[in-house]
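Presented sequentially are two complexes of subunit A, the first with subunit B as partner and the second with subunit C.
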Partner chain A sequence: MKDKAFNRAILIWTGLVYAFLFLPIAVIVFMSFNANKYGALPYAFTTRWYVKLFTEDGLLAAAGLSFGFSLAAAFTAMILGTVTALGMRPLTPSWRGRYRRFISLPVVIPWLVQATSILMILNFIGWGRSYIGMFLGNTAVITPYVVMLTLGRFSDADDNTENAARTLGARPVRVFFDVTLPKLVPGILSGALMAFIMCFNSFCIQYYLAPFGVRTLPIEIFTLVRSGYTPDMNALAAVMALAAAGVALLLNKMGYSGKKLMNM
Partner chain B sequence: MSYLRVEHVEKSFGENRVLKDISFSLPKGSFLSLLGPSGCGKTTMLKIIVGLESPDKGRVFLGGRELTPKPTEQRNIGMMFQNYALFPNMTVARNIAYGLKIRKRSQAEIDEKVDWALKLVKLEGRDNDRVTLMSGGQQQRVALARALVIQPDMLLLDEPLSALDRKIRVEMQYEIRSIQRQVGITTVFVTHDQEEALTMSDAVILMNDGRIEQWDDPWTMYNQPASVFASGFIGKANILDGRLVEKNGLLTVEGPGWSFPVNERDGFKPGDAVTVAIRGEHFHIDREPGPGAVPFKIKDTVFTGSVRKINGFMGADEVQLVALNSSEAAVYAPGQELTVSTRPQYVHYYARVETR
Partner chain C sequence: MNFSLRTKKGHCLLLPSAAFFFCLSLIPLSMLVVFSFLDGNLNSDGSFPGFTAANYVRMFSKTMFARLMGRSLLIGLTVTLICVALAYPTAWGIAKVVREKNRNMLVMLAIVPFFTSQLLLIYAMMVILQSRGFLMSLMGWLGAADPSGSILYSLPAVVVVLVYEYLPYMILCLYASLEGIPDDLVQASRAMGAGRLETFVNIILPLSMPGLLSGIMLVLIPATGSFVEPGLVGGSGGMMIGSLINSQFNTVLDMGYGSALSFVFLVCLSLIMFMIRALSVKANRAIGGMA
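Take a look at the complex of A and B:
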């Protein structure tokens, strides 16, 4: 009986934590359909903020810029990260572990610090705030995600599929494309997705490195919030939350059913 | 006529000498097991034959051609791995066809050979199944078909059965051996399971610490172990310290409270300290003490199904006897005193080694 009561209490607690996490998102979606400009009640349903978002705003342009920019950075990170992970493959497990911990440093070191130091370097070589600088800086901090998730795919020490292909007559290049790469694809893709999200999100780096006048979505929102909050931002937030949930589902599918995905 | 010939192969990993001057050979179409405890070098030897490792010294020949300078993909040797090593992103048929595709065979030939291989391993009609959804035994059949379909010059098996359940394992032992006979392919099988090695092989090489301990047919391997290690690893012999003496004109080995007549061996004379190995099932348990019988006191008995193991003391030494499960064996009880005897050919002795 005591156990039952305890279990119920902890279940309630779990519910509270979920509410704490998801209430803000629910509120913002709810308010994005509220006619009142200041988010005040009484509630009156409207879709005009969505209309405004998609017709007259600068928000959509900023979102487009962020999307394209993140796509380019994530793609570059995917190539760089995959090659890096492959290079670490022949190392002994202990050395690979060392490299792995080392490459995860850019993930742990605050982006604030990294953005500052990247800006210093860019200023030093004369590029300063520029598209190329922002691109390099962002790519640098997201590449480790690809490396780490790709490395995770060749954990199995007893995996002899590559050796098997060789005994069947495949030359090393053929083995790479027929066996190694298909095995790594789920890791590479989930790494790239992760990198994309991180890049899309990285206000700090973009705020430091973006050329003057260029506004990615995080910078645009930041600017708008400082000058006064408008409900069309609720609409944008709702759209983004939906897109992110979709991406999260996709990530989940790749992470937990990689085998299925490979059989496509 | 030897088909596979391994000559003076040496291999070290750093300070660790894994293979120490290994030489052996094998006639065409026969089945050889490399048997030994983990770390004895058997898998490294196999990898050297297929080219996944290269030897520091020594050479490997197959059918008169030297293999050692060739890369794995040019050796045309089929191999089965412990964890199947199937390609998870391919169907059964595509797994089997892989080696033929590499060889750029026509689609008609590929189809025909894949069908032949599927029939060989009794997986007809499973062409389009996903290998990841198959049981271990079925995956291993696919791996065997994939290895044989390329018509390799030789087949290597790296502990392919050790991940399977006992029942499936015994079934696969029989299956692999019968397919090997049917195809007539020269085969080297690596295992740490002595029963598996004895069951399947024409010849067994027992390896220990990078050396060949004994190289014989299964019967000789079991009945005439060449060393203390061999008698302890193949089956489980009682290993005892003793001394050779001459008794009534017979060469006899003597321990604390027991003695058995033995056959003479070159290089041994009365007075030598020896290590004695006698298998539990080679003791005869007597109701009535006969000539040469030794007193034995039962400590406990263990029922294992087909046999009953009887632990007890023969003089001051603890030994284990193995008796067939019978109504006679069922009455043995702790504390009971019996006598045991054995025949000279069952008592093996070697120069004294410290084993305990």
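Take a look at the complex of A and C:
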């Protein structure tokens, strides 16, 4: 009986914490359909902020730029990350750990320090703020995710299938493409998806490394947030929260639950 | 015998990433030391205008740096403590109390903020906290506060926003290790007469220590180094060390001083990270690799 009361208290606590996490997002979504420009009540339903979002250029152009840029960075991270994971496989566990710590430096160190140090190096070699610098900096921050998720696929299954294929006469290249790679694909794709979304949202790196005057979506959002409440920001936030939920669902379907992602 | 391709040429595959991260992470971080002695900014062709120790003299002779560093660490610790307090019962609830089919959904929901833009999370919280916003109207209606007031643009607002941003990380880390604790262990402890508190201290806490420590690492480090949140919701009294570093690069444009600040800040955080890692190794050894 006492246990029951305790469990009920735990459930109420859990509910309150989730309310704290999602109420602000819910309010934003709710307000994105409110006609009043300053978010004041009474509530009048409208979709004009969404129409504005998708027809006026500011945010949409920035979103387009961010989308293309993140695609390029995520693709590069996918290739680099997969090759790295394959290379890390034969290492002994302790060396694998060391190498893992080395490549996840950009994730562990605060973004601000990471961004300032790369900016200084870029200034030093004369590139300064530039597309190539932003691209390299962002790729460095997202590649570790691809490596971790791909590496995780190795431990899920043992090498027996590969050895069997070899014993049955398949050439190493064939073993790689027919046995090893298919096993890795879910990890590679999930890693690339995660890399993409991380790059799409990575404000700090872009704030420091984007060429002057170039506005990616995070930079554009930053300028808008500084100016306070804007109804089309609400619409954008609603769309992006929905997209984030979609990504979480997709990763979950691919076998990456929250637990697995945190164990990286 | 191992037949696969990997044993022979495996190490070559590490070359691209080794070179990549060497150039984009190790070199920039170590060059910060060099740049920290820079007198002002680099010339436009990348050459050095001259070296000086003035950056360090300036940093340690005035109280500004020490004050902001101390305040940032304090904010980081406060945020981390609040996150632990909020997340521990929640993670336990998800791992052990809710029904199996709801568990997956709750974990998935906790991932969503991770994939949402940091700025939109800040914005959402700002809308909640603003004067005559959702929270203040509610407080006004309850008669607890004046609805036109707000905690926005103050230090507490920075803490609230940071907790909001980093709480999911803590929940997920704690959940990952609490979920691995076998139910029998807890039941056995209770059956043998240990109270709830005793079971928690002797069984649950040690077994969840690795998750707790990785959660602390994931919250403490970025929270201490934040500059966007103090800039947006901190007002004039909410400055943190990150704000000072950021202003050197974006408004004052004294990159030598900025690099010196960045470097000393990095050293402080590295010390904390090493401490957490050492504790983590110890905690893992104490539970013999379980969980």
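One rule holds for everything that comes next: the second predicted complex is superposed on the first by the 249 of 264 C-alpha atoms of A that agree within 3 Å, B and C clash if a C-alpha of one lies under 4 Å from a C-alpha of the other, contacts with A are read in each partner's own complex, and residues count from 1 in each chain.
The rule we apply is simple: contacts are C-beta pairs under 8 Å (C-beta built on N, C-alpha and C of every residue); 3 or more make two chains touch, one makes a residue touch a chain.
Because the structure is predicted, anything quoted here is derived from the model rather than measured.
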| item | value |
| --- | --- |
| Which of subunit B and subunit C A:Thr167 touches, first, second, both or neither | both |
| Subunit B versus subunit C as contact partner of A:Pro182, first or second or both or neither | first |
| Partner with the higher number of touched subunit A residues, subunit C or subunit B | C |
| Touched partner set for A:Leu65, first subunit B, second subunit C, both or neither | neither |
| Which of subunit B and subunit C A:Asp159 touches, first, second, both or neither | both |
| Touched partner set for A:Leu250, first subunit B, second subunit C, both or neither | neither |
| Contacts of A:Ile10 with subunit B and subunit C, given as first, second, both or neither | second |
| Touching both subunit B and subunit C, residues of subunit A | 159, 163, 166-167, 259, 262-263 |
| Subunit C - residues contacting subunit A, complex | 2-7, 10-17, 20-21, 24-29, 31-32, 35, 42, 45-46, 86-87, 89-90, 92-94, 97-98, 104, 106-128, 130, 132-134, 164, 167-169, 171-173, 175-176, 179, 196, 214, 217, 221-222, 224-228, 232, 242, 245-246, 249, 255, 258-259, 262, 265-266, 269, 273 |
| Interfacial residue positions of subunit A with respect to subunit B in the complex | 158-161, 163-171, 174, 178-179, 182-183, 259, 262-263 |
| Contact set on subunit B toward subunit A in their complex | 50, 52, 71-79, 81-83, 85-89, 98-99, 102-103, 130, 132, 143, 146-147, 150 |
| Residue numbers on subunit A that touch subunit C, as the complex places them | 6-7, 10-11, 13-14, 17-18, 20-25, 27-28, 31, 39-40, 80-81, 83-84, 86-91, 99, 102-103, 105-106, 108-114, 116-121, 123-126, 136-137, 139-140, 143, 147, 159, 162-163, 166-167, 172-173, 175-176, 180, 194, 197, 200-201, 203-204, 208, 217-218, 221-222, 225-226, 229, 233-234, 236-237, 240-241, 243-245, 247-249, 251-252, 257-259, 261-263 |
